[in-house]
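In the two complexes that follow, subunit A is the common piece, with subunit B as its partner first and subunit C second.
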Partner chain A sequence: MVVPAGSLVFAFFASGLVLLATGHDPLGSYRQIFDAAFVNTGALGQTIVSATPLAFTGLAAAAAFRMRLFNIGGEGQLYIGAITGAAAGLYFGGSGSSSAFAIAAMVVAGCAGGAAWALIPGVLRAFFKTNEIITSLMLNYVAGYLLTYLVFNTESYWRQTTGFNATVFPTGKPLPASAVWPEATVHVQGGIGLPLGAGIAVLAALVLWVLYRRTRFGFEVQVLGDSPRAARYAGMRTRRKILAVMAISGALAGLGGASQVGDFRHTLDADPNGMRKQYYGYAGIVVAALGRYNPLAVLLVAFLIGGLQNAGNTLQGADFPSGLVGVIQGLILFSALGGELLVRYRLRLVRRAETPAAAVEAA
Partner chain B sequence: MNNSLLVVLLATGVVYGTPLLFAALGELLAERSGVLNLGVEGMMLVGAAMGFWTVQRLHAGTGLSLAAAIGVAAVAGAAMATIHAFLVITLRASQIVSGLALTIFAGAAGLSSYLGNDLNLASNPAAHQFNAVFPSSMQNWPIVGPIVFGQNVLVYASWVCVVLVWLYLTRTRPGLNVRAVGESPAAADAMGIDVSAYRYAHTLAGGAFAGVAGATFTLAITPQWVDGITGGAGWIAIALVIFAFWRPELCLVGAYFFGALQALAPELQARNIHVGPTVLWTNALPYVMTVVVLVLVSASGARRRLGAPAALGVAYVREER
Partner chain C sequence: MADAGTQVIGRRGADGAPPSSAVEMRGITKRFPGVVANDRVDFEAAAGEVHALLGENGAGKSTLSNILTGLYRPDEGEILVYGERVQFASPRDALDAGIGMVHQHFRLVEPFTVAENVVLGDHRGEGRSFRLRRRAIERHVAEISTRYGLHVDPRARIWQLSVGEQQRVEILKALYREARILILDEPTAVLTPQEAEVLFATLREMANEGRTVVFISHKLHEVKAVADRVTVLRGGRSIATVSTAEATQRSLAALMVGREVATTERVEQATEKGDVVLELELCSVAGERGPAVREASLTVRSGEIVAIAGVAGNGQRELAEAIAGIRAPVEGLVRVRGRALRPGDPRAAIAAGVAYVPEDRLGTGLAPSLSIASNLALKAYREPHVSRGPLLRLRAIRERAVELIARYRIAAPGPHAQARQLSGGNLQKVVLAREFSARPQLLVAAAPTRGLDVGAIESVHAYVREAAAEGMGVLLISEDLDEILALADRIAVMYEGRIVGEFDARAADVEEIGLAMAGGHDPRQD
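Let's look at the complex of A and B:
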């Protein structure tokens, strides 16, 4: 608890220096951020909107990183989940099947899409020992170009092809009403929405926590992460675990993509200034690292970072320095990384050897 | 003849490939010393912003302004790399997470955007920019004209850098030491080589190259400032180092190949040539090819032969020697 809290404090202190150095008022800016994130009317609702995808990508990163599988493809897996989720929503939402069935189909499709995309680096890692960091990262761009292509460069199933707007600016086809995910209203700040996706994220975090803390599978994953050699000698199946963990991680990120379509955007959003500009997949890594890969902590951190991201979106333009949110996020991650080592490395006082002979003896 | 597809592609490939080449050379130096830096995109963007700022604010002649801008961009890139170096070399933090943090911190939604906004960079196009060096009569020579003589100083400088990096790594004592540090830091340490110092120096040099790469965008390719102007080139540069098997001379080939791919989609469209989903595969090809190459590199035994530094990504802890 000390490290995450300490790194938040340090990050705000350091970005305060950046603000001071460039002639801004740090306390004023922080006040603005805090108000826009949590205090203003409807701010909490918007923060939950930003926090939901971060919870999914954060859980995705946490699930993989815990085994030292560095799946940094959350961004691409989220895009693919959005594509497959949108396909399911468009298909079943318009086919006269019940709303619950359409939504369930979107959830399953989102999971499956994200998992399939994550299994590409997973299979390459399991069978060819190919470094998953770079491959999952490269596939982010492939997924991004695929997303753009489906809406902007071809008359695909996902693209709106009729109506006036379609001739002016390409957009995704709107989701039929029966495939739109419901939300519960909470009477705070004049009524804020709790999207279905947020509920699913909480559920997913609980499941992941139980899976990693209370099952044999989770135990083996942790051993594989901490000491692959010991795990191999104990007869654990490395390959299967790699595939399973990558699939779980990708499914979580893909679920985030389906939630983007079902909960918030109600279409496949390929706009470079829309979903893609939020960099949910990369920010999820910050969330996971700050939550120290603990699923429940990830939820809390997602809420805080979501607040930050929401403030960044709301305060854009005006007299609020753009890019500040990224600076703060980066600094949080730097200090979490640095702080981790301060905890791990304690200062030990060892008596210096007086003479070379004693030194040899001590060695 | 100079309008034929191949010549146009090669000429634009050199233009777009130059920032990739600079960034890849820098990343190669860092990786050869054992430090993987995924923050290239962030370092490039900060270099791009600071280089551009220098040209706008420094009221001097074209040559002096541009030279100063390149210098400032290099320093800015190296400054960003210092954060990464401190975290991964001194504090031995995870190189992957730290590099990502650097890109988030400095990248398109971070410090570079902050600086661009605060220094008001987007309001004007560049006051000075790098132009083609040779007279237009030479640029019209068949084939070699547009490809070789139609370029700016940065392109020729990048060629010199390739030769210098190659000479450095293969023909000089410090260069051989770097390779030792990257392959087996424990053995290097036993030889009396200061592992940390070498890693710091090469990570910072990598940052400086990335800064210059960024400035290539704002001072030569599209002489203006917009948020995220590098558009993912930093990631391609990281891919390029693998693609080139960690060898500078192959970086040159790879950079122009990836550069030409970037020019392929608009060029094919302009000529009304359609080969399947052209926009999709031309854009995605560099990334897909990197994945393929990576699989080949990681296949058993090949990794050694193809030159991946053995200690890449691994922190050196003297006590565990």
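Let's look at the complex of A and C:
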């Protein structure tokens, strides 16, 4: 607990130095960030909007990393979940089914898409011992190109083909009204909206927590993550576990993608300056690392980092360094991982031994 | 073997004057978190003697020698080499001061040749030139090799050599560097009795030249056989330094343990030997580098303790893993109580009643970061009283752990403590507690007392005997012939993957067994 907190302190300290170097007032800037993230009117609502995808990808990374399965493919799994989720939403939303059914279908489709995409590196790792870091990472690019292809390069199901705008610039088809995910209004700060995705993320975190702490499945994951040899010795089915955990991880990220479509963008957003520029998948890894892969802590961290993101978006301007948020985030990750070193080893300062003169005297 | 032109260093005075000190360690203290490994230890070894450092596992011998070779720095105390105060910042400084060490776990590069390993890291002589002068090095190595009777082909690659030969390479490394003080850490752990004899002769030869040999061991009869003097360590402190001529095994044991202890004696078990519990039929198992076990056949009956003797690396581990289901045999069958086990399926073996205590306790037998309670439930977590459906009964797991910790007297802060915090002896107790409480038909124990102190060794031996008394079949795999002779009913010897001999333990002849362990080859005739 001390180490992540210490990392944050160090990160802010280091960023403060950067600010000073560029002629800004660190404490003032930090105050601005805090206000923009949590205090100003409507800030909390925006923060939740930023935090929701981070919660999903953070949970996805935590679920896998807990077992030392380094699923770096959260980004791609999120895209695929967005694709499958959007497909379900477009289809069921337009076909006259009830809103609840359409939304449920989107949730299921998002999970399924993400899980399937994650199973590719999963199968390769389980059966061929291929390094999942590389395979999952590469698939991120594939997913990105698929996204581009579906909206920019073809007249696909996802693409908007009618209307004036369609001829000018390719966009995704808007989601039918019945497939748009609802929001609950909370009367704080003049009324903020709690998107359905946020609620699902909290639920997912709880389920994940119970799964990993209280079930046989979770026990096996613990053992496998700690010592694959001990797991095999004890008769645990390693390959099945790898597939299951990758699927869960991918499903969570895919759910994040469906949430992006259903909660916020209401379309399949393939714009290179839109969903893709946010790098939710990679940010999720930072979130998971800071939360030490504990699902409940991940929620909290996602909220905080979401606040940071929100502040960065809101404050960008001539008088506020636009890259600062990115710098702080990077420093946080760097310090969090560097902090691990302090957890594992104890630094000791050793005095150099006595001088030779003293030795001669003693002899 | 040594010719008259050998340089003699610091030999004893001809008039019987006391030998000059080659190395002296005064007041050495070394602390690690939670333990004082060396507590104001004094140690002194003279030129021209073989000086043994005796102590049970955990007494601080390895720490002391690691300080002497520059791997650790002492928190307090000083080291003098040939009367001069020295400070080692790294092993290289120690090597330059003439201190060479042969570690228990060899530091050799397997794909390299003997010559390449010997010259590795050497910054004098042939090692200095930019080009590798192979032939010059090989010639030099061959010279040293013949001079000391350490026969090994300088051009052979390490992985091709037997463990005994690899140890010779380690000694050659030290001699090549002209080490005047040679430290050997438990060197006979990997040797057959005959190879140990040859080693002792070599060490005596080196001492006669004026070198100092420090011999670290916990085996009393070896210390008596090879050393001139022995320093006993206990609990991190130096207890006494005695001349081996005047000490007996019994007196040394008492010094080592601090109480009167019976030297490992054979206890005859009057257990009825029942039905066959384990049957291996022409089992062949592949290892990482080719066939490890070749057509091995063996039976173990209920109530019987069958031991597999042999130097480590002759297929014992692969055999144990095949029985436990971790490795699938490429040929042959493993039968437990008559039923063939599904190959390569640990769960099937566990269900059939096979308990396995692996030699790699912390790496295979336990999950180090998990709690003791979790480790105790490692195999039992599927059972109904520990889990209800998919959910674990955490309280049942904890209660079971508390009970087992009490019953097996495991010294631990509590059931929630991490496994890796426990000492070697307690780790082994956790593994044994878990395996025993599963009421197995067959207990396979691989090197169960390796690295344990005398008290823990006694406990483990007691459990093994108890297992047999309760009707389990026990397969004991060990490199320690003394242990095998004390416990086993029957002894099978493994060499290069084959079972090359079976002996009745009561009528066992150590000579014969030792020869079988070396594949029939007597190293004394080299």
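The definition used in the following text is that the second predicted complex is superposed on the first by the 344 of 363 C-alpha atoms of A that agree within 3 Å, B and C clash if a C-alpha of one lies under 4 Å from a C-alpha of the other, contacts with A are read in each partner's own complex, and residues count from 1 in each chain.
Operating definition for what follows: a residue touches a chain if its C-beta (ideal position, glycine included) is under 8 Å from a C-beta of that chain, and two chains touch if they have at least 3 such contacts.
Note that the structure is predicted; figures quoted are calculated from it, not measured.
Of the two partner chains placed by the overlay, only subunit B lies in contact with A:282; subunit C stays clear of it. In the superposed model, A:216 lies in contact with subunit C only, and not with subunit B. Shared-chain residue A:138: touches subunit B; no touch with subunit C. In the superposition on chain A, contact is made by A:329 with subunit B only, not with subunit C. Contacts of A:98 after superposition on the shared chain: neither subunit B nor subunit C is touched.
When the shared chain is aligned, no partner comes close enough to touch A:165: not subunit B, not subunit C.
By the touch criterion defined above, A:229 reaches subunit C but does not reach subunit B.
More residues of subunit A are touched by B (comparison of subunit B with subunit C). On subunit A, the surface touched by subunit B in one complex and the surface touched by subunit C in the other have no residue in common. Interface residues of subunit B, counted against subunit A in their complex, comprise 38, 83, 87, 91-94, 96-98, 100-118, 227, 232, 235, 238-239, 242, 277, 279-280, 283-284, 287-288, 290-291, 294-295, 297-300. For subunit A in complex with subunit B, the touching residues are 18, 22, 70, 72, 120, 124, 128-131, 133-135, 137-139, 141-142, 145-146, 149, 153-154, 277, 279, 282-283, 285-286, 289, 312, 321-327, 329-331, 333-334, 337-338, 340-341. Of all the residues in subunit C, the ones that touch subunit A in their complex are 33, 73, 85, 87, 324-326, 345-347, 349-350, 356, 358, 360, 363-370, 374, 377-379, 381-382, 387, 390-392, 394.
Of all residues in subunit A, only 214-219, 222-223, 226-227, 229-235, 237, 346, 350, 353, 359, 362-363 touch subunit C in the complex they form.
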